[in-house]
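Each of the two complexes below includes chain A, the first together with chain B, the second together with chain C.
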Partner chain A sequence: MKPAPFTYHAPTTIEQALGLLASEPDARVLAGGQSLVPRMRLRVEKPATIIDINRVVGLDGISVDAGAVTVGALVRQQTLVTHDGVAAVHPLLREAGSYAGFHTTRHRGTVGGSIAFAAPWAELAATTTLLGATITVRSTKAQRTLAAKDFFLGPNQTALAADELVTEVQFPPAPAGTGFGFHEASPRYRDYATAAAAASITIADGVCSSAALVLLRAAPTPLSIDVASMLVGRVVDDAAIEDVVQSLAGLDPPTDIEASGAHRRRLAVTLTRRALADAWVNAQEAVA
Partner chain B sequence: MSTIENQLVTVTVNGRTYERAVEPRKALSDFLREDLELTGTHVACEHGFCGVCNILLDGQTVRSCLLFAVQVDGASIETVESLAAPDGTLNALQQAFNDNAGLQCGYCTPGMLMTAKEYLDANPDGGTDDQIREAISGVLCRCTGYQQIVESIRAAASAGKGA
Partner chain C sequence: MEIEQDPNASRIAGDTAPGDAGLRWIGKSINRVEDPRFLRGEGRYIDDITLPNMLHAAIKRSPHAHARIKSIDTSKAEALPGVVRVLTGQDVKEHANPLPSFSMNPGIQHDMIAIEKVRHYGECVAVVVAENRYIAEDACDLIEIEYEVLPAVLDPLKAREEGSPLVHEALGKNEAYSRTFSFGEVDKAFDEAARSVTVDLYWPRSTGMPMDTNGAIGDYDAGTGVLTIHANSMNFTYFLWLIAGTLKIPSAKLKIVPVVAGGSFGSKFFMHKVPTFAGWLSLMVGKPVKYIEDRVTHIVNNDHAGSDRRYKAELAFEDDGTFQALRIDCVDDYGAYLQFGVGTHGNALSQICGPYTIDHVEYSLAAVLTNKNQQGAYRGFGAEVSNWILERLVDHAAHDLGMDRVEIRRKNLIQADAFPYRTPTGNIYDSGNYPGVLDKVLADFDYDYWVKYRDDARKEGRHVGIGVVASQERSVFSSTEFWFWFDEPAFSPTSSPESASIQIEPTGQIVVTLHSQAMWGNSPETVVSQVIAEEFDVDPTSVVITYADSQHALPGTGPGGSRYTVMVSGAVAGAASQMKDKIKRIAANKLEAAEGDLEFRDGGVGVKGAPDKQLSLSDIAMMAYMFKLDLPPDMESGLATQWTYDHPLTTLPNADRSDLGMFYPFVGHAWHMAVVEVDPGTGRVEFLRYSAVHDAGTVVNPKTLNGQIIGGTVQGLGTAMLEEYIYDDQGRVLNENFEHYHLPSSMDVPTMTIGHQETPSPYTAYGIKGAGEGGRMLTPAIMSAAVEDALSPYGVRITSLPISAEQIVAWAAGD
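This part shows the complex of A and B:
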C-alpha cells in the first residue's frame, strides 16, 4: 500500500529539526525509516508531517574513548556493527546488533531510530539496558540524559516527549575481565526475535565479580534479571546457571500470534543458559 | 484532498542525471519505475520484508520501497539496468544466473542481482556458501530455489568478475 500524503521537511541542523518538532502538531521523525515507513505503508501511521533528519549535521559520529562508546543517533546500524573500535571494547554491540534486520536494512536503519522506536524485539534496546547505557534527548527547551532502564516504558513506548529527539547514546566502559553472550530465537532466519537473552559476566580472582542478564520479549520492555545476587563470588558452572534458570520460573512473557507465553518462557530458559555460558567463557578469555 | 506540493529531485541513476518533481510520499521504487520508466526494479511486498526492490544507493544496497524519492536528492543510484552492456549483452553475473537457472520465475532476480553485485564487489573470490547465503538472506525468492541462486553467484565469482 502507499503511504498517506504528508508534508516533508529535511532540516540540516539540529536546531531546525527541534524547531519543527516543537511547532508541528502531528509530526514523525524519519531516520532510517526501516520501521516507520512500513507502518506508514500499512497506514497504521498517517503523520501529517515528516521531519527527515538524515541531512542533519553532527548526529552521525562514533567515538571510543577509554572504553566508553558514544554513538550519534543517526549512526547506521551497519556502521555500528562493523566498527572495529566499538567491537574491541563492546563486542556485544556487534554480536547483538548483527541480529537487527539484514545488512541491507542496517545500511539505512539507525541506532537512535531503533531505540526511539522501542520495538519489543529490538536487540539494540536490550544492549543499552544490559550495558547500562544512557540516552541523551533534546528539545528546543532542554537537553536531558536518561538511563536506558528508565527510557523504555512498553512496546513502542518510551520516555521521549513529543518534542524531543534522541541525539546520542553513551555506553560506559565495561570492567576489565568482562565477557558477553547473546542468543536469539526467531521463527525464520534473521526474522524478528521471539525471545532473546543478553548476558555479561565479569571475572575477578577466578570467580564472578559482577553479572547482568537482560531478556527480550519476556516482558513488555527489556527485562533485567538480578543475576548478580546469584552469581557473584561463584564459578559460573552448570549448577550456578541452573540457579538462575530456577529464578525464571515465575516469568510471565506476553502471549501473541507468534508464540505463547509458555513457549517464550521455555525459550528464555534455553537462551539464558547459552548466553550465560558464553559470557563466562568470553570473560575467562578476557582475563587470560 | 492533498494540497501538498511536489518537490524537485535531482538524482543520478545508472550514470544519467534526472530532475523530476515528485510528491513527497512517492517511494523511490515507484519513482524509478513510473517517473524514470526504469521498470527493471521490481516491487513485491512494498513494506520492506522481501528485498526484491533492493538497489544500490551511493554504493550500498537499500530497500527502494522504504525510501521516499525526495530523500535521494543529490544521490547516486544503480539499478539492475546498469548491469548489462548498452547493446544488451549480459554481464558475468547475469550470464551466471542465466547459465545456472538462477532466475526461475524472475521476480526476485533484480533484488538478487544487485545484492549479489554488492557482495561480489566486496568478496571477488566468492567466499563460502554460508557467506553467500548470509548476503542474500534479506532477499526472498518465492520459488524457494536458493540453491541455484547460490550456484549462480559462485559461478560468477569463478568467472572472475562479479559485475
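This part shows the complex of A and C:
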C-alpha cells in the first residue's frame, strides 16, 4: 500500500501555493492528510502533484469577534474543538467537531481540509451548513466567498475550482437565545457517521423564532430541512417535532455497504427527534 | 473412569506437584518480560529488518473471484526502472511445487501464484521484485492481464448442486467432504424426549487481524546453497520439509529464522505461504527479497479466514430442562482451498456438548469449496462457533420452557465428581468444578440485582438485557482432529511435540532456547521465565531466552489450539528436571552431601538446614565446563539439557469412528455474564456490566491470562457485532480495508471483572490448562443472549451474526 509517484511541493506563502495550484494540472492540496493519504496509499487517488500547505504562513488563525468566528483553513480540528472562545459563542462547533475522527487524527486534520474534502460524513461540513457559514477561497486570479449551502455539491465534490484554495471559514454570530443539538449514529464509537443530525432553535418570547436542521448522509450532501416553516411561533414540543418528522417521509438517503437507505431514513428520524429536543432545551437555557 | 497417567507427566511435574500450594513463581502476576523491548519500540518486527542488497516484492491481486487467465503481459512492468523481475504462475509451474496442505483431496492444488485460473478475489496472479516497494507496486499497475471471467461460486448451498461451476475441475465437485458422525442413540433420544428446539443459524466469515501482517525475507546463498528465510512465524518446525518440498530444495539447505510477530490470532498458525514465497523469490533472483502483506492483502489473501457456517441445530430435552440429545447439520463454506482439511470441525467435536451432560450426538458436515479466500485458523478454530450454536440452543430451550437461563444450565452441568469425564465423542474433560465457577460468577456479577434492574428498566421503556453463557475451553490439540474424519487417513497422528533446551553458562546465567516461533504478541518468555524461576529459585527477569533457527531446532509446534503454555512448561520442566539432577550430583559430590538433602535456593543449590553449605549456579557451571576433576568421576563436562515433550494424553479413535479417542483433553471452563442496554433508535449497544470467571487449571500468571481473556472477548465482540467479509454478487470483497472492515475499538469494549478458579489438570506439568481462546468462545453467545433479552419486547430471536445496528433498528421498527 504505497502511493503512486507524485511531485511534492511545500510552499511557505499563500501566493506560492496558489501559483502551484494554477500551474500544476493534476494537483492535490495536502493539509492534515487524514483522508487524502490513506486514499493515496490505496491508490484510489493518484495525483501527479502534492502541494503541502502545512508550512504556509497565515492560515492557522482563529478569531472570535462579537459572536462571529473566523477559522483559518489550516487550523487543526482539535484546536477548534478545544477553543473556549469558540465554544462560548458556537457550542455546536465543539460538540459536532468532537465527532470528527479521533483525538489523535484531529491533531493533524484541519478544518479547511475537512470542508474541502467534503466527505459525506463530515460533521464540520454539516455545521457550516447549519450555522450559515461562508467559505473563502482564493486563486491567483481572485478571491470569492461562498455560502456553505452552495459549496457542497456531492460526496467529495465542492464548488472549489481546480486552482482554488480554501483559506478560511466564517461563522456568523448566533442570535441570542439560540440552542443547538447534535446527534450521530455510527457502527463504532465515533466512527464515520452512518447518519447525523444537527439542529438549532432560537427562542424569543417563549416560542421558536428561528430554527434550522441539517442531516448528514440523508442525501449526497449535508441536507438542510426547512424546519422554520414548521416550528417558528411554536413551542417545540413532541407534537411540533413529529410534524418535522412527518416531513422526512420522502427522504431518499443513499445505500452503500455501511447501511441501506431505509436504515439511514430511520436514523434520520431518530436523530432529528433527539437533536431538535436538545436544541429546544439548550435554547431555553440560553434564554434563562 | 480410569485413565492411566502418562509417566512423563509425573516425571516432569518434579517436586512441584499439581495444585501444590508451595509454588513460588507460578501463579504470580509478574510483568511480562517481553514488554520492555516492545513498549520501547525495539521489538524488531519483520518489516524492521533490512539485509544488504535486499529487494522488495509486491503482488498483483486478482480483481475477479473466478476467472481463467488468458494472457499476462509483463513487458511494461519489466521496463520500469528499478524492476528486477516479474514472475507469474508459469514460473511457479516450472520452478516450484504446490504449497503444502493437510487436506486429503489431491484435486485441490494451491500454488504460490495462480496458474491458469484464479479462484478468489485477491489471489496472487503475478509478483514484482524491485528495488523498493513503491516501484514494485507501480510495476504491478503496469501488468496487463486478460481474464476470461467465469461464474463465481459463492453460495455454498448452490455450489453443492449438480451442474454448479467448479472451483477445482480436478476435484470434479465442490463438496470436498461430507460425513455424518453419530454417537449414542440420537434418533431414539429425540423420539423419546418430551421436547426439542430446532434453529437455523449462521456464523459469518471474519478473520484475525494482527497489527503485524504476515511477512518474510528470503536470502539465498548460491555458494552454500542455503536458503535462509526470516519470517514472523516458524511453528511446526518438524514440518519444514514440506516447505522445502515446495521450493524443490533439500530441507537441510533450508533455514528459517523466527522473527517476533505482532499478533497472530491464528493467522500465523503454520503460516507457510508467505515465507515460502519470499524464499522462492530469493531463489529466483539470487538476492534477498522482502515480502510483507499489506493490510488489503492480509484481508483478501491471507489463508486464515475464519469459519463461515450455516447450521441446522436441534436439542432434545425434557419438561424439567434435562438435556438428552444434540443433532447438528453444518454446511461450511471453506473458500477456494482446504489447507487444514476439516480440522476446524474436529476441533468442535472435542467439546460439542459443552459443559453439559448430553449423551447422544449427531454431527453432519458438508465442507464446500467456493470462490472465496480459504479458511485457516482463527482463535477458537471452529469450537467458538460450536459453542455459540450450543448456547443459542440452550437459550432457545429455556425460552421454550419459560425457565431461567442460569437454572437450565446449572441443571445440566457435569458434576465435580464425574472427572475425568468422557464425552460422547470420546474426548475427555480432565478435571473441573463447573458449579463452583458458576457460583463464583453469580456472586461477582450479582445476578439477582441485575434481573431486578432489567425488569425495572423495562417498565420505564428502556431496553436492558442480560446474557449468561458457559463454555468449555479445550486446550492442547492432538492432531487426530485433522484426520479422524477419514477411514483410511493419509498419515497417522503426530504427537505435536514442543521442545526446550537449557544451558547454564559458566557465569551462572540460565539460557533457555525455544524451538518454534513462540512470540506472537503473547507471553511465552514470561511463562518460561516463571517456570525456570520456579525450578531454580532465580529471578525470572534474569533468564535469557533465545530461539533456535530451523536448522538447529528440535521438534516444535508453536502456539495454536491454546497449547503453548502447557507444552512449553512441560518441555522446560523436563529439561529443568534433567538439569537439576546433574547439578545435584555435582553439588552432592562437592559438598559431600546426599543428593536428597539438597535444595535449590537463592539462585544456587545448598544443603537443607545448612545456610552456609551452598554453591551458586556459577560455581557449579564453572566446574561443569572447566574443572572435570571436580565432577563426579563418571560425569562428562558441560551443563546443557534438552527435552522434547510429547502430547501428554492422546488416544486413537476406533475403527468405525463411534469413538474419536482423546484428542483435546485439557479442558477449561468459563462463564460470562453481561448486561447491555440497547438503543433501539440507533442500534447502539452499551455495556452496563461484564463479568467473567475462568478455570484454566493452575494459573501461571494471572495478569497475562487476563490479557488473553480480554483479547479473546474483544475479538468475540467483533465477531458478534461488527466483523464480516462483505462480497458483491461477483465475489469481490467490498470491505478490504479498515474503513469498512469494522474492528472494535478500545471505546467499544466493556470494562470486565475477571475471576479465576483453579482446578489443576492431573495430566500436565503443574496442572496447567491452555487458555488462549476462551474469551472468543463466549462473547458471540453472550452478545446474542443479552441483545436478544434486551429486545424481547419485540420477540426477537437472534440466529445470525454479526448483530448489526441496522438489524437492531429494523427489529425495533417491527421489520
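Here are some notes:
By our rule, the second predicted complex is superposed on the first by the 288 of 288 C-alpha atoms of A that agree within 3 Å, B and C clash if a C-alpha of one lies under 4 Å from a C-alpha of the other, contacts with A are read in each partner's own complex, and residues count from 1 in each chain.
By our rule, a contact is a pair of C-beta atoms (placed from the backbone, for glycine too) under 8 Å apart; a residue touches a chain by one contact, two chains touch by 3 or more.
If you're wondering where the values come from, they're calculated on a predicted model, not measured in any experiment.
When both complexes are overlaid on chain A, the residue A:H107 reaches chain B alone and has no touch with chain C.
In the superposed model, A:M1 makes contact with both chain B and chain C.
Of the two partner chains placed by superposition, only chain B is touched by A:N54; chain C is not.
In the superposition on chain A, A:L153 makes contact with neither chain B nor chain C. By the touch criterion stated above, A:A176 is placed in contact with neither chain B nor chain C. In the superposition on chain A, contact is made by A:V37 with chain B only, not with chain C. Once the two complexes are overlaid on the shared chain, A:V207 sits clear of chain B and of chain C alike. By the touch criterion defined above, A:Y189 reaches both chain B and chain C. Residue contacts after overlaying the shared chain place A:A142 against neither chain B nor chain C.
On chain A, the surface touched by chain B in one complex and the surface touched by chain C in the other have residues 1-5, 38, 42, 189-190 in common. Every residue of chain A that touches chain B in the complex is listed here, in rising order: 1-8, 10, 33-34, 37-38, 41-42, 50, 52, 54, 78, 101-105, 107-108, 189-190.
Across the complex, chain A meets chain C through its residues 1-5, 38, 42-43, 185, 187-192, 194, 257-260, 262-263, 266-267, 270-271, 273-274. The part of chain C that touches chain A in the complex is made up of residues 133-134, 137-138, 141, 294-296, 681-684, 722, 726, 734-735, 737, 739-740, 742, 744-745, 747-748, 804-806, 809-810, 813. Per the touch definition, chain B reaches chain A in the complex via residues 2, 4, 7, 23-25, 27, 30, 46-49, 51, 54, 57, 60-63, 65-68, 70-71, 115, 135, 137-138.
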